[in-house]
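Below you'll find the structure, written out as structure tokens, and then a few comments.
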Amino acid sequence: MELLIFYPIAGLCVALALGVILNTSPVGSAMCLIGMMLGLAGIFVLQQAHFIAVLQVIIYAGAIMVLFMFVIMLLNLKQAASADWVSRDKNLYITILTSALAIGILYKIVDVTFMADLDSPAELPDTFGTVATVGESLFTDFVLPFEVASLLLLAAMIGAVVLAKPKLD
Amino acid sequence: MFLTLVTFLPIFGALFLAFLPKENEGAIKQTALAFAAADFLLSLLLWTNFDNSSHRMQFEYNISWIESWGINYHIGIDGISLLLYVMTTFLTMICIIASWDVKKHIREYMMAMLALSTGMLGVFISLDLFMFYVFWEFQLVPMYIIVGVWGGPRRIYAAVKFFIYTAVGSLLMLVAIIWIYFHIKETTGVATADILFITEHINAPLDIQKWLWMAFFLAFAIKVPMFPFHTWLPDAHVEAPTAGSVILAGVLLKMGTYGFLRFNLPFFPQTSYDFMPFIAWLSIIGIVYGALVSMVQEDLKKLVAYSSVSHLGFVMLGIFALNEYGIQGALIQNINHGISTGALFLLVGVIYDRRHTRLIKEFGGLSKQMPVYAVCFMIVALSSIGLPGMNGFVGEFLVLMGIFQVNGIWAACATSGVILAACYILWMFQRVMFLELKNPENMKLKDLNMRELITIVPLLVLIFWIGLYPKPFMSTFDASVSHLISKVSPDNFRPTKDHQGGGGHHASLISKTELAKLSQKLQKTSHN
Amino acid sequence: MLLKLTCLVPLFPLLGSIINGFFGLRIGKNAVGIIAAGSMGLSFLTSILVYVGYLMLPEGQHAYEQVVWSWFGAGDFHVDFGFQVDPLTLVMMFVVTGVGFIIHVYAIGYMHEEYSFYRFFAYFNLFASAMLLLVMGNNFLLMFIGWEGVGCCSYFLIGYYFEKKSACDAGTKAFIVNRVGDFAFLLAVMYIFNIFGSIDFSTVMHAAPEKLIYAGEAVTIITLLLFVGATGKSAQIPLYTWLPDAMEGPTPVSALIHAATMVTAGVYMVVRCNVLFNLAPMTMMVVAGIGAATAIMAATIGMTQFDIKRVLAYSTVSQIGYMFLACGVGAYTAAIFHLVTHAFFKACLFLGSGSVIHGIHGEQDMRKMGGLKNYMPVTYWTFLVSTLAIAGIPPLSGFFSKDEVLYHALMDGNIIFWGMGISAALLTAFYMFRLVFMTFHGESRVDPHVHPHESPKVMTMPLVILAGLATVGGMLGIPLFHGWHILHNWLEPVLHFDLAHALEHSEHMLHEMGRHAPSWSHLLDPAEHNIWFEIFLMAFSACVAVTGIFAAYIFYVKRPDLPGKYTKGQWGFELVKNKYGVDELYDAAFVQPTVEGSKLLWKECDAKAIDGTVVGTAKSIGWLSKHARAFQSGFVRNYALFIAVGFISLLLIMI
Amino acid sequence: MFEGTVPLAHYLTLSAVLFVIGIVGVLVRRNVIVVFMSIEIMLNAVNISLIAFDHYLNLSNGQIFSFMVMCVAAAEVSVGLAIIIALHRNKPTVNLDEFNLLKW
């Protein structure tokens, strides 16, 4: 049953990811990306990581993608005048090289993964992935990284403000 | 301490010049000249206080410089370096007079000249390998600037070629220096780069000696320059300003031969002996090849430059004769070449200043228009081809005699350079000085003026002085050379007489050896 | 002590040269002339004083050496700036200073019209000084100073009219050809040092019999090298080609340098080293052969030339050939004797020709002369006397000296040498009288605008003196009374050579080396001296000379149309007239290949191969860098790509 | 056929596929925004792996880590987009190839 849910969602995610990089219009890309993130949230749910799934929807699909959309709007980006995909000769070989590499690494990862002799999965308690469990370890074992992350966000916020604001003088 | 003063006086002069106002050209020139002249006089004082009878370093001064690595500020002067040292100060002075009419950036020019002087002097007195290397590289910079800024139309190309070519060789030398440093540290337990100490204690294994020798060889051979590392020389000479050419020919090239005498020979006597035929043939090729190529040059400076290749071939041949005649001849030939070729460059510079061309075909019949110039040129040219009674002969003859002791065939091949020298010099002289004065532009040429005479005449005096009475010069390095020979003489390495089968290194013509050989054979047969 | 004055002999001309060179323009022509000739005169007088001093030397001492200063040295090698006075030197000193003085005086008149009068005399004096160094030096290297010094002065004097291309070329050619000889000379000196450990004449000559093996390899090579040096300086085959061209110089130069003194330096050197040559029989054969061949070859060319000075030049080459022939058969006295008489009559001939040229305003072609004897009687008579001398008519000097050479060629050499010598004598008589007849006799073919005139006293006086010397010079060595051969007795200390002693040593040395000495006993047989045979030979050669003169008379006075008829269309004649094409051959064989080869060497080897490698290295590094620069494209994406590539490669390698 | 839970290898494969797609996007696209989005894809792909291992091993570290990744992503996007805006202000383009000042 799980598999039945997994494969469609996984397939959709891959298709949407491809849509992101193949789409000529940034808006289209962004839409695909939102779709992909929602799909991933589904995958997380499938893995019983409910908290992360929720965060995925809220932060990624919500906040970050909205930011993307804002910027796209702000810059008034239309469909690129000439498709930048393989427009130049030089890009052709970069693309080929990249794809070859990509296929190579993909093959290698998959190969390694399937070759690995894995034990059977652990028994999962019911509390797995709940806000409570995650929150508990977040505020006990990982409290320092958590605070650092908050500082990071603060710095990013200030940085974004400084960078994005027009010159004062 | 006195030696330090003499060595660094010019660079202080350069610093001093930096504070003079740029507009006051007269003061700049006079100050520069004053510093150079003072330095020359001080170096003469050095000479008069020099003890000819000792082969040891004199005016030695040794304090620690970089203590943790055992690098010292160690200077001193011996017979091998004394004359080169004095010639450096002398030529610097002459060159400053000769560049009196430089128009562009006169202050910077004089500063470069003086800095160059210190760099060159430092090379000759350094008794610490690292210090030597520092000076060796340091003098490249002012020379590079002199060629690159005040040179001819292709000056950048020439300057870069000069710099990179010589730097490539030096880097290999640096590797060798570092190897020696660690080797000495390992074998003696003393971390030092002191040349005297190394000379005493170095005992590298033969197969590594070969590589070290090659590294030093490359650095010095490029500098000398030996065939086939000579191609930077014509370019640099042609593009350099007159004074630059004089210094280049007069001193810079000598640093190469000096290096051979100071490092290759005393550090690696066995390898030097092994490589003797190799060097000898390279030198002979250099002598003949330089002369032949010189013969067909169309540019006066290029002609002189190629003739340098030929002359320096004699010097190298003399050094690697590894006997007293050869090395003494090479040392005096060093000086001779500095004087004769320096004077030739000065003289070419004179007509270049007037006509802005150096092409031989532009001239002809100058001796009618400029008789004094013609006479000076003639004397210098004759000295350059080694006319006896002038300086060139003394050196050339000793060198040839030295090499004759080693191998008669080599001597014969090298002597052919004497014929070729006459060919290229006389042919050039004829085309420039003789024939009809046809070119209307040459009809207005003025003869040498006072300043030019002042630069040339001392050189002419030296030409005859060394030619007729070289004792005062040659006695300075007598003791040092004897000492050197006692260490590097082939007799130390030649297989003992019992094994002397082919006697390949010895002239088959020599009846003495013939005698010895035959008597041995006789003995052997009688034993049997 | 008078001998202390020795060093002054070369010094006077040197001073004269320096004064004239530096102040010549300012002090005026008269003063220049006086200084130049005066310094030579002083030198001559000093030579006489030295001679007197030499005569006063104690019994048994035959040489005096004066070391002025120590020249240079290295290790055990040491060479002094020192002079040596011995009989041979004295003879040469007298020739150089005496004839030199006379020619200097003559030159004052001859060169008077020249602007660079002072330059001429500066060189001329310098030459005399160098020549004196050459003959007076006490070692090989000092001799070499003079040797090269005279070559150098000769270079300047040949190229005196430096605006003329032919003159410059001739000067350069002379110098370079001489250098070829010098090259061999230098090698010989080094070899000598290698064996003897010294290059002083006295040491070397004294030690030679003990250190060298008779007919050994070493001595043969040394002497051959020395002889090559001599051929360069003395214009012998194969290095004679410069001398005829050297006639581009002013005539006094030809007289002094290219006839009387410098070109005989080779002969002097061979005689000076007679001990070495005596030890090398093979070289002696070569010397004699080359000498004889040169004598006859130059004489044939001399017959065909029309330039008056060139004929004399070839005649000089030919006469020096005689001297070498004499040396080659061991008759050193004869060589020196001929050298001296030749200096007299050839100087006179050259000066006479100069007088002729001067008299008809610079014309040198004999076809444009003729009938001049009426215009310039003094020149004619002196010229005739000298011509008779060179042709070998008794009792003039040339007869005796040449005859002595021929006699020794037959007695000590072989009949072939003698045959070559006597044929050359015939040719000499012929072409010299051809010269006289064409110049002074017959119809005048002088350009009608030119009015021939006799030269001034300052020129004719030297002619008269030299003609006088050419007449009586033979007294030095009248061969008939053997004990009375003045020159022979005089030179005895120098030429003394104990062959038996040398052979003994050689045998000893060979024995030490384990070799067997060949039988040399036949060498020690004394040659028979048959006075009647000598007289017969003299008569014979006198007849030969007369025959030559008679033939010339027929061809050039009686039937002037004959020469043209006989020679027309003869390829042999053309060949000889073109000097056997030797110049062209040398040009094609040595000069052109060298120049063209050098050009090739420069353009192809130096610029392309060697510098090409250097520049090529630099360029290939530049090329690499240029392409490596593409990696630093500045596009972040490219950098990202490289990061990815690196990362993935790591991954692929590690997993 | 579709019985049982999803094996770990499948999650990891999905993660790898998405990651590679992200890489390709970063490398071949020139639109700076799309490049950014590709980076997001890569980050998400990593998250999948982290969660999958968590799920497999019964840990919470992976979730914490993916939480951190999200933080970083948020920070990165905010700063990155700000930079893009700043850049765009200097040079009105989003084509990365135009920003080649790094070459010098």
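Labels A, B, C and D are assigned to the chains in the order they are written; within every chain, residues are numbered from 1.
Throughout what follows, contacts are C-beta pairs under 8 Å (C-beta built on N, C-alpha and C of every residue); 3 or more make two chains touch, one makes a residue touch a chain.
Because the structure is a prediction, the values reported are computed rather than measured.
Once CA atoms are averaged chain by chain and compared with the all-protein CA average, the nearest chain turns out to be B. Here the CA centre of subunit A is 73 Å from the CA centre of subunit B. In this assembly, the C-alpha centroid of subunit A lies 103 Å from the C-alpha centroid of subunit C.
Chain centres here are Cα means. That of subunit B falls 37 Å from that of subunit C. If each chain is reduced to the centroid of its CA atoms, subunit B and subunit D end up 68 Å from each other. Touching of two or more other chains is recorded for residues 94, 98, 101, 105 of subunit A. For subunit D, the set of residues touching two or more other chains reads 23, 27-28, 30. Residue positions of subunit C touching 2 or more other chains, listed in rising order: 637, 641, 644.
Contact annotation for chain pairs lists A-C, A-D, B-C, C-D, with touch applied as defined. Every residue of subunit C that touches subunit D in the complex is listed here, in rising order: 632-637, 639-641, 644.
Those residues of subunit C lying in contact with subunit B across their complex are 21, 69-77, 81, 141, 144-145, 147-149, 152, 155, 159, 162-163, 165, 168-169, 171-172, 175-176, 179-180, 182-183, 186-187, 190-191, 193-195, 212-213, 216-218, 221, 509, 512-515, 594-595, 597-599, 601-602, 606, 610-611, 614, 618.
Against subunit D, the residues of subunit A that register as touching in their complex are 1-4, 6, 10, 13-14, 17-18, 20-21, 23, 26, 29-30, 33, 36-37, 40, 43-44, 46-49, 51-52, 55-56, 59-60, 63-64, 67-68, 71-72, 74-75, 77, 80, 84-85, 91, 94-95, 98-99, 101-103, 105-106, 109-110, 113-114, 116, 118, 121-125, 128-129, 133-134, 137-138, 141-142, 145, 149, 152-153, 155-157, 159-164, 166. Across the complex, subunit D meets subunit C through its residues 23, 26-28, 30, 35, 96-97, 99-104.
Only residues 637-638, 641, 644-645, 648, 651-652, 655 of subunit C touch subunit A when the two sit together in their complex.
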